[in-house]
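Structures given as C-alpha cells follow.
Both of the next two complexes hold chain A, though its partner changes from chain B to chain C.
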Partner chain A sequence: MPDPLPLARMRALRLVAVPWAEEELALLQETATTAGRRLIDVAGDHGARALMLGWPADVDPMAVLGADGEDLPGATPTTCLVLAACIGCCWPDPDAPLLPGKPVPENQVLDALASFTRPGRPVSESLRTRQAHWKSAIRRLRACGFLVPEEEDSLIRLGPALAGWGDADVRHLRDRHADLPRLVGEPA
Partner chain B sequence: MEYSADLLTANQSPARFHDTLKAFVAPVAKATDAVASDPVALRVAQAVCAAFGDSGGSNGMTRSELAAACSNAVSVAAFERRFDLFVEMGLLRRYAEKPHQQRYMIHPVSVTALLVYGRLEETNGVEEIMLLLDRAHRDLDAGTMTREALIEQITTVKRNLSIMADHLLYLAEDRPWEELVAEQSQHRSAKALLDKASSLVGAAGERFPELLSSGTGRRLVDEALRYFNAVNAFYSRLLAQASASRDFSMLSPEQYLSAASYRSRGELAVPLARTVFDPASMLLPAERLVSAVEKYRPAPPRRRPPRPPDSSSDQDPVAAAREREQTKRVVMEAEMELHLQGGDEADLTSRIRGAGWRGAARIVTDALLANADPGIPVTVDLSDALIVDAAGPVSHVTPMTLRRSPAASVRDDDATFAEAPRA
Partner chain C sequence: MTAGLDALPQQRQADVLAALCALETESRPLPAASYRALAEPALREVVREMLATAGRVLVETGTGYTSGYDDGIADRLAEEGIGVLPPDDRAILTLVLLFSVAIPRAEGKLAPEAPWTLGHPVPRQRLNGTKVPKGVVKAGLQRLQDAGITRNIGDSVRPGPQFDRLTPAMSTTIFEELLLLADPRGPLADAIRRRRASSTLASAESPVPAEEHHGH
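Moving on, here comes the complex of A and B:
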C-alpha cells in the first residue's frame, strides 16, 4: 500500500538514498506514481546514486505550479547567466551526461562570467560588485539544488535539480554547448 | 481561534469591557444593573461628545441637530433611547434653565469620563498607575510635593500594584488560557512601570532620606518588582501555550519587528526547529539559460576588413616594371652613344680623370652595366695599367675603352629581368 511518509521525506530532503530492498523501491515508485510524480535517479560524485522527486515527462511543472512562463520567481538574468557558466565549466564534454559533471573552482566560473555584462548596468559597476552578485546567485542556486551545497573544498558541483530537466532541455543545452560561458582555452 | 482577532488590537471584547465597567462603577453604584449592558450606550455618548466637539458653535445644539450629527455613528433609535437619560443624569445640560430652552451643552466631566472609559478599554488601569508615578515624580522635582503627600502617593501605588500582581498571578496559575489571552494586551508596560517606581523612589530618597530608612520606598520597589515578576509569570504561561500550539498571533507585530532587528539568527530559528519546510526551489528551464546567454554575451571583437585592392588604376604592374626597365636601358644606351660620338670606339680614361670621384664612379658604373647588358651593343676593355695623378681630380685611374659591338637580338624576358651585375 502506498505510504506517503517516504514521499514527504523525499520532498523535504530533496535527495534520499536508493533503498536496498527492491520491494521498498517498488513501493516508493508506486507511491510517487499515485501522487502524480516520478522518481528520478540522480548521479552523484564517485558513482553515488540517489533518488529525487520529479515530474512525469508529459507534465509541465510550470503549468502544474501555475507559473507564468515570462515571470519565473528567482529566475533573474544574473541567476540564469551564472547557472549557464556553471554548466559551461562543469560540463566540458557535451557528449557525456550532464550529471554529475566535473567539479571546478568557484573562481573559474567567476572568470568565465567576467566578460558578460548586463545591458543597463552602470559603467562604474566594478568587477568586485558584479562578482558579489554572481556569488549571491551561486548561493541561491545551491539553496535551490541546481548546485550542490558548498563543501569543504568550495568547488562548484552541478546539483540534483538539473536531473529534473527533461531530455529536450538537455538536448537544447547540448546544441548550444559552445555558447555557454567558460574560460578561454577550456574545451568547448 | 476566536480570540486571535482581539490579540493584535488593544480593544477588549464587549462582554469583557462590560465587566470592566461594572467593576469600575461598583464603588458608586446603587444597583447591580447600574451599567448598561449594551455596548452601544457608550458609543452614543462618544458620538454626542464628538458632535459637540465638531460643531464649533458656542450656543449649544438642539436635539435634532445632535441626532443628525450622531446619525453617522449610531442609529436614531439608539440615540433617542439614551438622550433623555443623558439629560436626566447631567451629561447634557440645557443651555439656559428655561422651560422653552431647547439647546443643550455637554458637561465637561462627562467628557473626562469618556476619556477614562477609553483608557479602561485599552489599559485596564495600569496606565493610571503609571500616570500616578509620573505625577508624583513631577511634583517632587518641582518641590511642591510634601512628605505626607508623597507617602500617600507611594502607598496608593503600592496597594494598586499589589492588587494587579495578585490578579495576574491568579490568572497565570488558576484561570483558563483564554482569559489570559483576553488580558494579555493590558500588561505590556511592566518594565517601564518598574523603572518609573525605582526612579520615583530614588528621587524621593534624595528629597526625604528618612523615607528610605523607614522602608517606604523599598516596599514600593518590592511591590513593583512583584508586579513585574507576575507579568513575567503571566506571559510565560501565555507563550508556553502559544509555542505549543504554534500560535504566531501571541506577540504583537512590534515585538516580532524587535525580535527580527535585535535577535540572532539562531535564536530566531528556535521556534521553527521542528518545523518541516519544502526546500528552496526555482523553476528554471534550460531555454531560459540559453536566452540569457544570447542576450548578455559579450560582443565579438571588431576586426578591420582587409583594404580592398586599388581599383582606380588598371595598369599591369609587370608591364609597368618592363616599361621602367626598357626606359632605363634606352637611357643607358643613349649615354654610351654619347661617349662613342658616332664612332666605334672611345677612350673613356680622360673623361674619367676629369669628372672627379663622383662623376668617375658614375661613368665607370654605367659603362660596366652597359657591357653586362646584352641588349646594349657595347663592350668595355679595362687596361692592366694604373695612372696615378696625385694632383688631379681623380688620383688613381685604370684606362678604360668603350667599343661598339654588333647588335644582338635579345629576348624580352632576358632584357627585362637580366640581373645587371654591379661594377
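Moving on, here comes the complex of A and C:
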C-alpha cells in the first residue's frame, strides 16, 4: 500500500504545494484514486498553484448526505447568503473561472449584503446586529475553506473549498450570476 | 481504486463511494442502516480499506459510524506540527473537558461509556472564572467552535463533533491525560504511569513490529 501520510496531510492542511517532481505528483494522483478521491488543482490569487483533495465527478457530497444543505451544521441561511455575497463581489466576470476571483475589502461584502436584504427591518434587528451576524458567517466560511483565512490586508478572497464544486454547480452560478448580491454599480 | 472496490459490481462501487464520502464529510456519525456499504460487512471492509489508503480509519460510535485519523498517522502529523492546537486553545479545551466530562464522570454524574459529545454543558461564566484571561477564553472558544472541537449550547459549551472521530485508543489517551492533570498523585495516575512505562519498555525490547507480533 502506498504511504497514506501525504493524503492525510492534504486533508489536515486542506491545501498542499504541487510537488515539483512528476513522479511524486503521479504517485499522489494514483494514491488519491485508490482512496476514492481526486486531486484538485487550485489557483491562488498570487498565481500560486496548490492541490486539495476532492471527490470524483460522480460523487456529490450533498447528494450522498441526502441533504439539500439545510441540515448541514453551519450552513444556515445567513451563512449561505454571505457566501453568495462573497462570490458576487469576488467574481465580477462570470466568463472568468470562479477561482481565484478578485480580492475585495470586507466592507464591500457587508455593503452588498445591506443593499441586498430587505429594508424596513424591526428596530431590534439593527444594521449593526445584522453586520455582526454577517461577520460571524465570514469567520465560519474562512474556517471551512470557502474563503481564504484572513491575511494581513483583511481582504475577502474566495477559498479552496469552492474548487471542489462540480461543473454543474458553477454553471448554475454562472446562469444566476446577475442575482448574486453585489454593490450597485459593480459589474454583474 | 483498491482491488476490493474493483472486484465489485458498478452499483456496489457507487454504494461504497457514497458511504466513504458521507463518512468523510458529515460531522455527525452516520446510522449504518442509511448506507448499504456500512450495513453490509463485506462492503464495510472495502470502505475500511479505502479509508486506510488516506491514513483514515472507520470509527464505530454508539450511534453509527464516522471516520478519523489512524493513530500512527495522527502521531506523524503531530510530529510535523500539523493539527496541533496553539497553547491557548489547548488550555481552554482542557478546561472544557475537565468541567464537561472528567469531573462529572468522577462524580458519577456521567456514565464512563458516554460519548464526549454528551458531556455536561459548561457555562461560559465558569470558564471566565479561571486563570485564563476572559479575552483569551472568548477568542479560543470561537476558534474551537469553528473547528467543530467544541459546540455551543446556548451560553454553555461542550465537546464538539470532532470528538466522535477519535479512535478508542486516542479517546483513552485523552481521558488518561485529564486524570493525570486532575489528580497527579492519585492511585489512578500511578496506575496510568506504570502501564505506560511498562508498554514503552515492552515495545523497546521487542524487535518485532507490533502488527507482525499480533499475527503470530
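Note that in this section the second predicted complex is superposed on the first by the 169 of 188 C-alpha atoms of A that agree within 3 Å, B and C clash if a C-alpha of one lies under 4 Å from a C-alpha of the other, contacts with A are read in each partner's own complex, and residues count from 1 in each chain.
In the analysis below, a contact is a pair of C-beta atoms (placed from the backbone, for glycine too) under 8 Å apart; a residue touches a chain by one contact, two chains touch by 3 or more.
This structure is a prediction, so every number in the text was calculated from the model and none was measured.
Overlaying the two complexes via chain A brings chain B and chain C into a clash.
In the superposition on chain A, no contact is made by A:97 with either chain B or chain C.
When both complexes are overlaid on chain A, the residue A:139 reaches chain C alone and has no touch with chain B.
Applying the stated contact rule after C-alpha superposition, one finds that A:55 touches chain C and leaves chain B untouched. Once chain A of one complex is fitted onto chain A of the other, the partner contacts of A:64 are limited to chain C, with no touch recorded for chain B. Looking at the superposed arrangement, the partner reaching more residues of chain A, out of chain B and chain C, is B.
In the superposed pair of complexes, A:80 makes contact with chain B only, with no contact to chain C.
When both complexes are overlaid on chain A, the residue A:149 reaches neither chain B nor chain C. In the superposition on chain A, contact of A:11 is made with both chain B and chain C.
By the touch criterion defined above, A:31 lies against chain C but remains apart from chain B after alignment on the C-alpha atoms of chain A.
With the complexes overlaid on chain A C-alpha atoms, the stretch of chain B that clashes with chain C is 237-245, out of 39-47, 219-227, 237-245 or 399-407. Across the two superposed structures, the residue set of chain A contacted by chain B and also by chain C is 8, 11-13, 61, 65, 72-73, 140, 143.
Contact residues of chain C toward chain A in the complex are 1-2, 5, 14, 16-22, 24-28, 34, 50-56, 69-70, 73, 76-77, 80, 82-83, 142-143, 146-147, 161. Contact residues on chain A toward chain B in their complex (touch as defined above): 8, 11-14, 61-62, 65, 67, 72-75, 77, 79-81, 83-84, 87, 115-119, 140-141, 143-146, 161, 165, 169-170, 172-173, 176, 179-181. Chain contact summary for the complex, chain A toward chain C: residues 1-2, 4-5, 7-9, 11-13, 31-37, 53, 55-56, 58-59, 61, 64-66, 72-73, 139-140, 143. Those residues of chain B whose C-beta lies close enough to touch chain A in the complex are 276-298.
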